[in-house]
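Look at the two complexes coming up: chain A is in both, with chain B in one and chain C in the other.
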Partner chain A sequence: MDKQVAEQIIRSFVGATMNVYRSLTNTELVPGGIEKAPSLLFKTSGVVILLSFSGAFAGRTILATSEKMMEFIHECIMDEKPTQDDLLVTANEFGNMVIGHAVTDINNRFRGSNVRPTPPSSYIGENLTFFNFKMSAYNVVFKSRHGDLKLNVALEEGAK
Partner chain B sequence: MIEALSEAVNDILGTFGISPKYSNAMKLESHIIEKSLCVVIGVVDRNGDKKGVLSFEFDKPVVLDLLAAMVPGIDVDVESEMGISAISEIANMVTGKLLTKLGFVGMTTPPTGIIGQNMKGLLNTTYAYKITYRWQNGSMAVTFSLT
Partner chain C sequence: MMTKKRILLVDDSPLVRNLIRKFLSKTDDFEVVGEASNGEEAVKLFFQLKPDIVIMDVTMPVKNGLEAAQEILCQEPGAKILLASAMGDDDLLDQALAIGIKHSIQKPFKQAQLIDALNKVLEE
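Let's look at the complex of A and B:
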């Protein structure tokens, strides 16, 4: 995929993540720079949201953070202490909002690309490893008062 | 839908000479996964009106048997890139077969392989159809949800 196209798609996810986080928590995420991921394996522990999309551009985006940060997001929405199942539902909802915003932005940037999201999924666990093949991946790390949020965007090589 | 899913899995496993000892199907209130080794693929129609998720959950001994059938004579670590790539390919093939059987005109997302410890996943908040295939040394579960 063309590097500039990839960068615009990543920027759509960065903007969407910041907007959704701000609207839910009234606090800010501060993004770092875009870095090419050294490997197609993404390793983490805690809460992970997997956002997949297809169309002229296909790929998947991972949002990864700690249970503590997801608890903070949940408490901003529900005003109650969450169970682990609640965290998965909150993560799904957060992911749904992010991919909705991001895909709208991508389709506005690239008219006719017909990019469509699939349902977001969320995971909790330790030593989680996500594998993708024949893709190029990029990382952005957001800092916040409540911890870090990692964004990893993997794009299929070659537009469809 | 569950019949099409069952046929798709049996067709693809059959091409590798694999048949499960027995299977059972169920309807879940939401699409969840509980095994710590799985592959996830998203599907969406051209208009974005219908979208869904397929998950393939495996016990490690079952993956070893699948790998032995796919690449006979070669020792492949279940959790290696080659191991996950091979089961991702099976997931891709089953998904393609299922969509054809359902007459679903749409797109699929690239498969994502996931391994972890004490892992739990919520893949969709709508009803899901799950078929569990059992062998002597473990099981494989294929779940499909569509909204």
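Let's look at the complex of A and C:
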């Protein structure tokens, strides 16, 4: 994939994450730089949201954060403390909104690319490892008052 | 006393349905009369309940929101549908317009934005 196109796709996800978080919580996420993932493995603990997309550009995105931060997001949306199940539902919907916004931006920048997301999956666990096979991955770490949020975007090699 | 406008809520996310229900319960103008979690249920409930407005998600299992909206509008061309999706790219909005859906709102939205969008649908 062309390096500039890849960077633009990642920026779409960075922008989407910040915009959705701001809309839901009225607080800001501050992004770090875009860094090429040092290995094919992505390791994290806490709440993980797996998102996939296909079309002219295909890949997989991981959003990873702490349970505490997801509780904060849930409380901002629903004005009540979440159960464990609520955390996963909220994580799923947060991920759904992020990928929706990212794909909207990608499709509007690259008309005709018809990128579409698949439904997200959410997990809660410790010492989780994800393997990015045949994909080039990039990391961005966001900082906020309520903790860090990690974004890992893996793009299918050989895509247009 | 003004009659409340009857809303059919269609979204596969229980969080989104809870949130919209919460938003509308704080108003005097709208009430949720039914909820569906996929497009197939949405079509069934539409003809059962005959709501004033359908708030319709796009990406759903069994049948998506655009297919459900098309089915509803084929039989009831005057049906009022507000598309509510996390996606809002021009191609999707063009598809929606081609089916006859003129109004959409992108998630996440605040209560005021939802009420404003519903009022615009009613003005049609």
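In this section, the second predicted complex is superposed on the first by the 159 of 160 C-alpha atoms of A that agree within 3 Å, B and C clash if a C-alpha of one lies under 4 Å from a C-alpha of the other, contacts with A are read in each partner's own complex, and residues count from 1 in each chain.
As a working rule, a contact is a pair of C-beta atoms (placed from the backbone, for glycine too) under 8 Å apart; a residue touches a chain by one contact, two chains touch by 3 or more.
This one's a predicted model, so the numbers in the text were calculated from it and none came from an experiment.
Asker: In the superposed arrangement, which partner chain does A:L24 touch: chain B (first), chain C (second), both, or neither?
Answerer: second
Asker: Counting only touches as set out at the top, which of chain B and chain C does A:Q8 meet: first, second, both, neither?
Answerer: A:Q8: touches no partner chain.
Asker: With both complexes overlaid on chain A, does A:N114 touch chain B (first), chain C (second), both or neither?
Answerer: After superposition on chain A, A:N114 lies in contact with both partners, chain B and chain C.
Asker: Let me test your reading of the model: by the given contact rule, A:S136 touches which partner, first (chain B), second (chain C), both or neither?
Answerer: So A:S136 meets neither chain B nor chain C here.
Asker: Between chain B (first) and chain C (second), which, if any, makes contact with A:G55: first, second, both or neither?
Answerer: First partner only, chain B.
Asker: Is the number of chain A residues in contact higher for chain B or for chain C?
Answerer: After superposing on chain A, more of chain A is contacted by B.
Asker: Could you tell me if A:S66 is touching chain B, chain C, both of them or neither one (first, second, both, neither)?
Answerer: A:S66: touches no partner chain.
Asker: Check the residue A:N92 against both partner chains and state whether it touches chain B (first), chain C (second), both, or neither.
Answerer: both
Asker: Following superposition on chain A, which residues of chain A contact chain B and also contact chain C?
Answerer: Correct list for chain A: 89, 92, 114, 117, 119.
Asker: Give every residue of chain B touching chain A within the complex, in rising order.
Answerer: Chain B reaches chain A through residues 31, 36, 40-46, 48, 51-53, 79, 81, 84-85, 88, 107-125, 145, 147.
Asker: Using the touch definition up top, name the residues of chain A that touch chain B in the complex.
Answerer: These residues of chain A touch chain B: 40-41, 50, 52-55, 58-60, 84-85, 88-89, 91-92, 114, 116-119, 121-135, 154, 156.
Asker: Using the touch definition from the top, list the residues of chain C that touch chain A in their complex.
Answerer: The contact residues of chain C facing chain A are 13-16, 18-19, 22, 59, 61, 85-92, 106-110.
Asker: Can you check the complex and tell me which residues of chain A touch chain C?
Answerer: Chain A reaches chain C through residues 20, 23-24, 77-78, 86, 89-90, 92-93, 96-101, 103-105, 107-108, 111-112, 114, 117, 119.
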